[in-house]
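Structure in structure tokens, see below.
Labels A, B and C are assigned to the chains in the order they are written; within every chain, residues are numbered from 1.
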Amino acid sequence: MRVVRVLLAAAVGALALAGCAPVQSGSTSSAKDEKSGQLKVWLFDEVNRGPKEEVVKQAVSEFQAAHAGVTVDVQYIQVSTRAERFKAAFSDAKSAPDVAEFGNTDLAGYVAAGGFADLGQDVAAWSDGKDLSPRVTDTAKVDGKTYGVPWYVGIRALFYRTDVFAELGIAPPATLDDIAATARRIRAAKPDLLGISVGGKYTYGMLPFLWAQGGDLAAQQGGKFKSTVDSAEARAGIAKYTELLRDDSCPPAQCAGNGGDASVEAFRAGKAAMTIGGNFNRTAVDSSAAAGKYAIVPLPGKTAGSIAPAFAGGNLLGVTRSTDRRTLAVQFVELLGGKQYQQKMYQAMGNLPTFTDLQNTVAAEKPVEKPFIDTLNAGTRFVPVTPGWAKVDAQGVLPTMLQQVASGAQDVNTATAAAAQQMNSAFGS
Amino acid sequence: MAFAYLAPTLLVLAGLLGYPIYQLVLISLYDYNQEQVSGNAPLNFLGLGNYQKLLSDKQFWTVLAQTVGFAAVCVAGTLLVGTALAVLATRVRAVPRTLLFLAALGAWATPAVAGSTIWLFLFDANFGLVNEVLSGIGLHGMAGFSWTYGQWTAFGLVAAQVIWCSFPFVMVTLYAGIRAIPGEVVEAAALDGASTTRIARSVILPLLRPLLLVVTIQSIIWDFKIFTQIYVMTNGGGIAGRNLVLNVYAYQQAFAASEYGLGASIGVVTTVLLLAITVVYLRVLKRSGEVL
Amino acid sequence: MKRPGRTIAEIVTVLVAAVVAFPLYWMVLAAVKPADEIVSTNPRPWTLRPTADNFVHALTVQNFGRYLLNSVLVAVLVVVAGLLLAFLAATALTRFRFRSRTTLLVMLLVVQMVPVEALTVPLFFLMKSVGDVAPAFGLNHLGSLVLVHLAFSLPFAIWMLRGFVAAVPVELEEAATLDGASRFRFLWQVLFPLVAPGLVATSVLSFIHAWNDFLFAKTFLISGSDIQTLPLALQAFVKPDQNDWGAIMAGSTLMTIPVLVFFVLVQRRLVSGLAGAVKG
């Protein structure tokens, strides 16, 4: 009769919850700070996560050895279901981890949902903390408060095929304007190749064009964000980018539906002469048709010799507000996110460290990382830090805008005006 | 007595569907985002605000029209193919029939994500077999042709996939239905000199009506709420969202963006629409003498 | 006279079967192809170098066996519990006339019309409070999946079973009562076996429903690595743009096979089973 009991429980639960307003979770923040027990950690699953798991295991044993009576339970969660996982964790403290890895673009939404604890004082008091690259640390801040330790950064640059460029006797583009011209020239000479592989859903590939022209996604006015994608500068950048999505360089029928991974995929398959790729794509390109036949340079800016501002992607390590073991959780974050383990993570996974001194060492020792570090040092930018951005992202506002232009359905002015309106509505609510 | 038999079911349905549906309607009247769900922000009663926002969105109406058209094509296609093959199956011997059923059951059993992925793979612009074959037989323009780029080719491709995985239900049900018609009924009509089409129309069809009712209503409900196939095959709604259908639209605009209030209002509107369609359908049947 | 017509019909049938089965063939083929042949600009409908790599890759997902068991457990519990409840409800809705009968039948259709995605948030909170009373049926336990799938498969199951119950002559019941059989005995020893084909047909649909679910699994099974189900595990190969095709196809094949085997085993009963629904 267990079934009956459960059904009764369901009915009772339903009655108990049935007020005249939608259900809400109570506050999940915890006042406890236990010094023993199990520490639950969520890290992202990756296709070849073996090396990552090795490094994390080392960190866990080191941590457990230093803290008697503490066990660390690491769970690898899938990036594609992270939204559901985190939302659920914020509403049910029992399911929530103590420490979690998460993408920096998700931060503002998570903070608004009350998910993560303010680590400002902990980071300030941390010996490694002072060497954190300030630009990267900014991506862990909402309204001036720090909610995580940057674990690694992802930076994009221009990948090009050295064999194709040598054959045609051309040099990599020196300015942003040169990119389209170079792409057209290559495709005219080699119609089987995409001049440059970019995509209508590749927001982070487009943003450097927008920023290089002096535009931005949004501006903060009196505590509220207002979209600026319809400004003259932003429009110029978007026009420059969508100029690439044409039959003479990257035909919309092939490219308009592509995001970043698909764009790089075409380059890997040997079907593109250039692409915008990340340092995290390098290993995959090295095991592809383009291996040994490509080089990387920073994406050029508006004038020769300058570098277009790149998007500062990356992941953070944070401590949930619902944790019962705040001190332990912070200590674990400082261990796994500290210099020693960031270096190990770089060796294992190629994840670029977030400490300025480590970055410079990497650039000096591994020339192949130099274009990325140079891009990082030239100044990176970020998406608007507001929960509204998560909505803009989920609703695909910018990809839709790019695809409208690429498919010829709308001109840049109409598409950007529509996108600005949608962004404002997302920021407003 | 009836109540004793129904009690466990009613309890489950009231608790696990009735209550959430009641909540759904409530939520649709509030500004209910992730902040509110996790209790980090106060609730804000909007009244019909979410509905107003939804109904004044031009894109919603476009998407709604697309959904109705797309679902209509899928339902018609599914019923047509399913019925035709069910009739065909009654005319052939066991071996070909078993082959057909095995193939159909396979298509039915394939998870939606897997089925969509395979179709996408077959119709891939560069690596797909279909383009390879088409350009091989002389249609050179088809090499590298993207099926998912154009609005109509994309919708057509998805509709074909949907029909592929949903006709088996109709076929198997109707085949069983035809088989269950006593042979004497058909023979008697044939002896009276009725033609084959006449037998089909005035003897078999009326007997199959109750079954057709079930498969039609179920198909309408399933196809109107299609999600996976569109989401996977058009990469989340096609270029600039021109292949969006209602459920994918709801997912992108509301659920993925954590706007549950708006999402709930879309859910309510969907339900009301489906109910209206079903009621109209039942009315039409009733006029021709059918009762539930 | 009739022969040539039937031959043409049979040829058409076999051709249609081939077309319908082709995507499945392609799925299995991609699963056994070596990686460089899967993504090739010159796809061939066969392979000379079959490999088990993709299956090995899919099967080495941590705890694959455990996930498979979890999925089977949920699906079987849903099927068994669903059949019992739906059988009782269908009997009530056919054998008894009461005022709200039609309303109930329409309600069973209406609840199928609500988009499930819209119900996840209320269901999440419901499961959270169920968990406070009966942990095995709350969040992070497979029981929560059994409960929701039970609720979502019941309306359709009742509609289907109604026809089968109606097909059993009322006289049979009267005869059994005259013989002194209790209502309870009649229900389980006479009526239940008679509608068995219908139960089989309904169970296949409930099985697929619970087997393929992804939405509720990812909403309710938040924490704990040994409670995931198969669709969640296979998600590891699906990345936004860059998919591991071979492993996806191998995984999909592995997902499809149990259902297909179940289908083939019950096919005869399924068809005769669905026939019962006609008399509804």
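As a convention for this text, a residue touches a chain if its C-beta (ideal position, glycine included) is under 8 Å from a C-beta of that chain, and two chains touch if they have at least 3 such contacts.
Because the structure is a prediction, the values reported are computed rather than measured.
For the pairs B-C and A-B, the count of C-beta pairs in contact is higher at B-C. Chain centres computed from CA atoms place A at the largest separation from chain C. Chain A and chain B have CA centres that are 36 Å apart. With centres defined as mean CA coordinates, chain C is found 16 Å away from chain B. For chain B, the set of residues touching two or more other chains reads 8, 12, 15-16, 19, 23, 27, 37, 126. Among the residues of chain A, those in touch with two or more other chains are 3, 10, 13-14, 17, 22-23, 25, 91.
For chain C, residues touching at least two other chains, in rising order: 39, 122, 125-126, 147, 238.
Per the touch definition, chain B reaches chain A in the complex via residues 8, 11-12, 14-16, 19, 22-23, 26-27, 30-41, 43, 125-126, 144-146, 148-149, 235-241, 252-253, 256-259. Contact residues on chain C toward chain A in their complex (touch as defined above): 39, 81, 122, 124-126, 128-134, 137, 139-140, 143, 147, 218-220, 222-225, 232, 235-242, 244. Contact residues of chain A toward chain C in the complex are 3, 5-6, 9-10, 12-14, 16-17, 22-23, 25, 40, 45, 47, 75-76, 78-81, 84-85, 88-89, 91-92, 94-97, 258-262, 264-265, 269.
The residues of chain C lying in touch with chain B in their complex are 5-6, 9-10, 12-14, 16-18, 20-21, 23-24, 26-27, 30, 38-43, 45, 85-86, 88-89, 91-93, 95-96, 98, 102, 104-106, 109-115, 117-123, 125-126, 147-148, 150-152, 154-156, 158-160, 163, 183, 208, 211-212, 214, 231, 238, 243, 245, 248-249, 251-252, 255-256, 259-260, 263-264, 267, 270-280.
Remark: chain B residues 1-3, 5-6, 8-10, 12-13, 15-21, 23-24, 27, 37, 85, 88-89, 91-93, 96-97, 99-115, 117-119, 121-122, 126-129, 132, 164, 172-173, 175-177, 179-181, 207-208, 210-211, 214, 217-218, 221, 225, 227, 247, 250-251, 255, 260, 263-264, 266-267, 270-271, 274-275, 278, 292 touch chain C in the complex.
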